[in-house]
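Order as written gives the chain letters A, B, C and D; numbering starts at 1 within each chain.
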Amino acid sequence: MEHSKAFLLINFKTYLEATGKRAVELSKQIEKVGENAGIKVGVAPQFCDLERVAASVDIPIFAQHIDPITPGASTGHVLAESVKAAGADGTLINHSEKPLLLADIDKAVQLAKQTGLNSVVCAGTARLAASVAVSEPDMVAIEPPELIGTGRAVSKENPEIITDSVKRVHKVNPTVRILCGAGISTGDDVYTALKLGTDGILVASGVVKAREPEKVLASFCEAVLRVE
Amino acid sequence: MEHSKAFLLINFKTYLEATGKRAVELSKQIEKVGENAGIKVGVAPQFCDLERVAASVDIPIFAQHIDPITPGASTGHVLAESVKAAGADGTLINHSEKPLLLADIDKAVQLAKQTGLNSVVCAGTARLAASVAVSEPDMVAIEPPELIGTGRAVSKENPEIITDSVKRVHKVNPTVRILCGAGISTGDDVYTALKLGTDGILVASGVVKAREPEKVLASFCEAVLRVE
Amino acid sequence: MEHSKAFLLINFKTYLEATGKRAVELSKQIEKVGENAGIKVGVAPQFCDLERVAASVDIPIFAQHIDPITPGASTGHVLAESVKAAGADGTLINHSEKPLLLADIDKAVQLAKQTGLNSVVCAGTARLAASVAVSEPDMVAIEPPELIGTGRAVSKENPEIITDSVKRVHKVNPTVRILCGAGISTGDDVYTALKLGTDGILVASGVVKAREPEKVLASFCEAVLRVE
Amino acid sequence: MEHSKAFLLINFKTYLEATGKRAVELSKQIEKVGENAGIKVGVAPQFCDLERVAASVDIPIFAQHIDPITPGASTGHVLAESVKAAGADGTLINHSEKPLLLADIDKAVQLAKQTGLNSVVCAGTARLAASVAVSEPDMVAIEPPELIGTGRAVSKENPEIITDSVKRVHKVNPTVRILCGAGISTGDDVYTALKLGTDGILVASGVVKAREPEKVLASFCEAVLRVE
């Protein structure tokens, strides 16, 4: 089955519902929904769960962060090579809950490239999205921090930030792909986001904290199919 | 076989020699040396390696850090429950390469207790060791940052800092155990550290970056036996 | 006129009501109220206002923070010598709005001593108060962060935290003086705080944001006189 | 007398040679050299010295940093309004010794605009210079951190980084002015920097730590005159 162009990435954050064995179970459910719909889905579990999730599913797996360090004396830091060795395919960078210094965002993107990890750099405004696009990550995720976790989707609440981001990011870098995040909780939110010119979705509580995560994700997949 | 009272904890930092599969191999070697000598040894691998190391050996396993957070929206952070679910028995806190705000050290120690993780709080001076002992962690590790990774052992270079730390820490909290770190690279360093009143060793490059880690660790174990 | 033993320290934070010329005016009002009542009062203006305030009043002046640095290449940092040269007599350290790494709190306290600045180290709990007392600052200020700016005084809401702090701090260091902060807004709050064994008050919005700061401060002074 | 187009900005960092009264004296010397040569010079003293320097000279005065905050409960932070009230005309932002989160750089630039402060945002590489130019500060200063304080000028050691920065920055924003920093210590360094397309110099130790700061600065001014 052909995969969608759109990409749905589910961030597990540090939710207990997606910690340890439950990270594996949830990843399997997500994989199944994606397969059934023919939609490309990925997961971003916690560091300690990357390996067991990678061993259990065959979908893109992202770390939630890497530190701007090379191998050495960096106790407690997250090394790109370690994330890669655990089976990750990519990493989030500069999530609003784990913001980085400007110089460290750029370092992390370059380290991801060197290690063979796809990079998704998060940004809270159109201007910041353009700033991080300069570093040429694989993807930029637009997530206005004030909407994260609210269930009020940026694609509905503030569509201009998305269209403005798409325009500004592509001016800096026409090939970077753009994810839409913050408050996504319904298929309509997904549909709107894609219609505004984004290439996918970054979602967390909307799926992970849902009573029936598969159903919610299935509705997201249907929305993608309506667009494509 | 009875285990030693002394505890040798090997910190893998972000050394490539101790990343991914090599973390597992090194942990197995360490376990074997400890078993042969009847000495209690432990390892502190990177987050992504905790689970596979825990599945491969039967010695105490420590995370290198936990964040002062509870489950929720903390992308990219290290949750105590996640570390525990991966099979860790304990965690380092406030290593000089991952220093924490004062309030966060205390939070992390309490979170470790609640999650059933042993806590080793690092401190660079005798005064700071006494400060962190107030939070009643299981262990305090004295590591003057200026000696870390030098091969010049604190127990030789600056024995007063150890004796002073032991005295100050036990005044605040008589039951907390004390590890000696920074620059430990020979059996003599270990012997001296224990003779000065500490309960074990926190070591990284001295073992991990050694040409023959088993031999170095074996010499550490012999030193423990000479003392006990 | 003899001064009180109790000390009332007013933190100007970054309130516009206490910025620039208004910092000078407010400091003069505070000085006058203190003089009239014979109570020792002090102010903690912003860095840029230290010099003009020091040139205008003759009461203790505190910086709100110093960085743990010595002279050199530290653009944008706050040097103890600079604060001293501007006329400050002391400095807050580790305010909950400007928290420091454990090791940096200790460094800042030692730098304050070396520069001839009185140090007031803030702590949010009784345990943290005991931790910072180890560094032997001149004063420890107990300020539960959850009560700061609420108008609900710690001395009323949670008197045990004060009595517990006094006991724990004095066990570590019998000579350090203790200020009570967070939510202080009435003379009764001050009275209770002193009765619980503290040596003074650290207050911000309760005075600075009051419609009539002099009246509020006068009522604080009356409360001190009731105790002494 | 007409002023030069080029701008020479001297960063006082936290050097004792430029603290307190010595900040005033040095600023007066700098003003005099600039006046004599007809070159636009500015100074960036420490926060506590801004007011007395502003009261003593009539040249552009920059803070070394502002925090991304608005008036309120931000003890120990540097408020744009406070810097402005002290007499500053502008501020450095994101100096490599005081680096900021990406989102905070943008906030600080907008706050500077709103407060009527000129903004000079520092960046260590051409790519980062382009990133910060997106926020539309008044100036971008290129300072490779590895050359700061070395006396090895970026304009000589690594001229490509300057030409590349000029190109990338102007592509993003054609009107932003560009300063060249890091290691500038001779008139030749200044001449080269301007010839490479920059609009001025950001210098610290090269002037402040010189035996005869006026002579060094005079040689910088001569270099500007050779170019213009």
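Here is the rule we go by: contacts are C-beta pairs under 8 Å (C-beta built on N, C-alpha and C of every residue); 3 or more make two chains touch, one makes a residue touch a chain.
No experiment lies behind these values; they were computed from the predicted model shown.
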Least hop count linking chain A to chain C through chains in contact: 2
Cα superposition angle of chain A on its copy chain B, in degrees to the nearest 5: 180
Distance between chain centroids, defined by C-alpha means - chain C, chain D (Å): 34
Inter-chain centre distance, chain B versus chain D - centres from mean C-alpha coordinates, in Å: 45
Chain B: positions in contact with at least two other chains: 96
Overall pattern in which the protein chains touch one another (line/ring/star/complete/other): ring
Pairs of chains, among all present, that meet the touch criterion: A-B, A-D, B-C, C-D
Contacting residues of chain A [partner chain D, same complex]: 94, 96, 99-103, 105-106, 123-125, 127-128, 130-132, 134-135, 172
Residue ranges of chain A touching chain B (in the complex, touch as defined): 11, 13-16, 19-21, 44, 46-52, 64-65, 69, 71-79, 81-83, 85-86, 92, 95-98, 148-149, 204-205
